[in-house]
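Alright, structures below, take your time with them.
One chain, subunit A, links the two complexes that follow: it is found with subunit B in the first and with subunit C in the second.
Moving on, here comes the complex of A and B:
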């Protein structure tokens, strides 16, 4: 053999760490959190709260993972989410219609409002993809502008006031419990499993990793690179629309300003979860673990009665630490 | 004999899963050209990275001017006068020639760069070596050969005592190589120690004083160039005697598979016509920039054609993307295998399957077991050395990577293979395996267009040899009439001064 002998991976800790490092870290954190909180953290009630609190960011993270695997980014994801939620509320509820300050959004009934909002969300994602891929403009810029524009559209269609009366079924959905866990959590986890499968077991999924890793080589191997890149943005938009529905079911209302700092939280969670900003590396499992880690952290700080004034600083510190660690494992 | 400027002693370096260097020692003396030889993965580049400070050895020491270091940093390397010209360009494309030359040590005062001084010093440096580039020209506007020279100037801009050149001629034409050798001889006279890494043995015999041969990360042999032969060096590298000559039986059939007429691509090549028969190897020779790679990429649908017709099995085809060309049964092995041929972060199995993922989609998603079975079957046929089908391609050696690039087209059942420099930068053994594979494939009726800058390779493998010069096909020679001399004559036939992108 001309090659140097290759040791089996079992003898080398790095691939093992790479594969299981993050879940192991999460487990370690859970143990530590349980000790620190005197067992409160591990209570089933508390865990279901964490899952519930993770569900919206979790869904956003799943969507943005598709785009980031292609090497792009979607900064309009929260804008799409908020606008979809507004459409679901404004076009789906007669009561809300009477409250609206203008007639831009017509009443179409709860079901068609949901369909319309999801179609709009997917179209916006598609538009992001087409502009950025076809015209070769970095997605960072395209989606930043799109996000700003959507924030403006949200103000325009609502006249600035919040949507207080979305159709009832969002609230019903948000309060439905199966085995003590609310329905949005199942939606989040179900979507995660579905997307994990798509990335692992479809032609599209395998191709996404290929073109994120090396677009030119993928092109020369006959992978429809442009089509799949645009599809990734479209999926991301659609998933952001679904997050809009979950937002309504959790809070019962939505305002143009509802996005808040969700975008930063989403990107932080994805990156902590090991999804590379340059494309081709990462997984849904990692991204979801990233979300759960950050939610658990903030939950623990609440249990420990840590002042909200310093919580952000602590979170930031842990995000930096986690990213540095996962980077070390990668190289 | 003068004292060594640098001595590497018992250097060891291990990467995850690979022992890259095993107790290697090496001394370089001023004013000599020390050639470092070995197959890919033999440890040449790693050893040099330890010397320049780009890599830390696990153990051993580096002695420079009597001071022993256990490891150097890149800054130490610069300060001690060690410069390296890498295989891949280390220039910043958007910056000017002068800025690139002095990158990291710009003439400045109080933190401000003095641009006029910078350019004046760049010009002065160029004049010393009889080179002329506009100092304010962005590097991206230069051809690969010229960029190579700028890299050399960059190394020379520091007080240089050791210059490491890693495959410096890979992208150069014969004339440019001559010029490079003149430069190397000047350096040698100036007392600079040169460490020269190349797979091209004829170059080593021409320019080298001494050769050190590495095998599997360990010292294998040392030879004085004046007392050795090509066969001896090859034997040292592979550890056994090998006949360096290539020759292949002809498997050309009667049926014309691919027929090209008047094919043009604006600004790249024009009016190219030829037929390719079943089982035939058509060599495509010419200088760098003559349009050979552009012709392949146009046939493969990766670049636009502006005129002409292409027929496959008599029917006209118009591939507008590689995807369509693949559907017609073509496969391209691109020149830059890492950049264009592979997804380095993904597994062997995935890379093998990319052109035909559809084939593995079942009702419940991708059938990984079927995909991996295909991949291991091809791996076996190609004698691919990989611990598993899940191995990341980036961790394999160059020769094994190239086998995957070719293997994926075999798996996809390509009938016309477009090979662009298929053996560039890979070791002797892998090269022979790839030659054998071409033979095997053509025997089953696969047709090949082979672009190669190594004339013995083209002459040994091709049934006919087409020569391109400055964007036109100037000759198609039969195997028995082609010689290195008449090929080169045709290749230069349309190149006059200032034509065809030839530097210096």
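Moving on, here comes the complex of A and C:
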């Protein structure tokens, strides 16, 4: 899957379609959604709800983009998010400490709980990377198994009960508004800009595209392939930890079973946003547009009272359709 | 399904190493059963063995589906979700009549398989992602058919939940399916085509194997088998459950690899894969017998899966190295 057209020509519609297809689709969708919802969709209040809803999946998408650019995948991303949210809540709040059924996690105060959760998240990502890259086990199996394991760990840490009383900090953060938009949205967009810059302007970022496209050639040209692949998994884990913080500030609540529906939405958004599953192709901007598109779609379906289960099925069809379409455009 | 006559039988004398190498899954199973009998007095009771076998039946049929897909160098992450969909479809329509309900359940599975197959072959979507998407689609539909578990109290289904010693209806269905499928894959041109595709797709295509058609049919068959697993599940538990089987897609992969199937296709024997299912379930059963906390069981299972796949990969590398050496002409 190499990009054959280096210089897009105006005569050939395919590169144009690839470049402007998604924004055009988004615009058409907004018009259609406004019509279908009788104007409800385009209300500023609703738009800010969409942004808020996008922020968690958006952060997950940013993380998984790093791994997918190297040609891997992280299916444990939601598991890491939930575990770090649980750690933030369990170790950061005295009230929650009294509610826990066991004392595996000590009380360390909100700040150190946050730090601990992020470190654990990054370490789990690192572990995914090491097992998958060093031992050559396909990343989907490693991360699926990691997800299974983390579900067990989450149950163990909480004794099965949900975290109801995270530190107040998260609620305050989730309700702070700047220009009418809640703080988590700024966190999401800030992270997106930071990661966009990392991928565009750092040696690591540029190398990641090269090694995703052709790991062997990258190795020969002196890129530390293994180290960068593991680093991509580590970043993905860390970013999933950040998503855990946003999850707490949005819901004020987390259970070991939380977030079950987020994985498919994340993959759908990345894929719709044009990030290639075989590595080396895609961008943060595309992925973020993919998230905004799918969040708008799910928002519209909520307005139209379509059941969340049907929405899951629709996400599935979106993944299939988007990849088929992008394969058709490439060949 | 290796097509060579067994080297342990040919030539002069009996070669222990080859014998163990060829029957590793069966020997591991026997060793595990002996260990089980030693560490837990409950393990070898009729009741426990009956439960173990009937639990293995559901996973076993899923693993048979997974086996076919892995044989052609794919993966199917949707097997458990399709099973859940089929179980609720069967339970929902059981009051109308068991036969039409079973037909609808199997059709739902075949339909899911056909959609996956069409996107994998015509849309050239990677199997992993196509089946992950199908996981979402099938679960979504399963919950749309019914949000909650559906009880099936049809007298025939209740009658089928009886058992005779360690023999139960699910176990018999499983063994019949596994036996028929083994013979079919071993004897038919279709089975040969699957092996060829798993070995190397381009080569198979050049040799005239109808690659796309075979792949499509494999995904359809996997969908159908997963649906049968759903029906067996209803027979076993008398209910259709939309959320059943979370994580079983991984268990089915692990079981198939435990049974010596090459993770990236082209090599494997269905009877051995079924022995892999028994190994996997025996380990799970023993964890319960020794009273391991269920939270830790998930962790142990994940580690087993990683270890099994890791060893599988190690084997593939070794055989590649052997092939390379043979090509160079070096002798061992």
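Keep this in mind: the second predicted complex is superposed on the first by the 301 of 331 C-alpha atoms of A that agree within 3 Å, B and C clash if a C-alpha of one lies under 4 Å from a C-alpha of the other, contacts with A are read in each partner's own complex, and residues count from 1 in each chain.
Here, contacts are C-beta pairs under 8 Å (C-beta built on N, C-alpha and C of every residue); 3 or more make two chains touch, one makes a residue touch a chain.
The model shown is predicted, which means the values in this text are computed figures rather than measured ones.
Once chain A of one complex is fitted onto chain A of the other, the partner contacts of A:180 are absent, as it touches neither subunit B nor subunit C. Applying the stated contact rule after C-alpha superposition, one finds that A:148 touches subunit C and leaves subunit B untouched. Judged by the touch definition given at the top, the superposed model places A:38 against neither subunit B nor subunit C. Look at A:206: by the touch rule set out above, it reaches subunit B but stays clear of subunit C.
By the touch criterion defined above, A:264 lies against subunit C but remains apart from subunit B after alignment on the C-alpha atoms of chain A. Within the complex formed with subunit A, the subunit B residues making contact are 16-20, 39, 41, 216-217, 238, 300, 302, 321-323, 326-327, 332, 334, 339-346, 350, 353-358, 361, 364-366, 368, 385, 387, 391, 396-397, 399-400, 408, 427, 429-430. The touching residues of subunit A, counted against subunit C in their complex, run 73, 131, 135-138, 140-142, 144-146, 148-149, 151-153, 155-156, 160, 264, 267-268, 271, 277-278, 307, 309-317, 319-320, 323-324, 327.
Residues 1-9, 12, 14-15, 197, 200-203, 205-207, 209-210, 213-214, 216-224, 280-281 of subunit A touch subunit B in their complex. Of all residues in subunit C, those touching subunit A in their complex are 75, 115, 119, 122-126, 128-130, 132-137, 139-141, 143-144, 147, 247, 249-250, 253, 263, 293, 295-299, 301-303, 305-306, 309-310, 313, 317.
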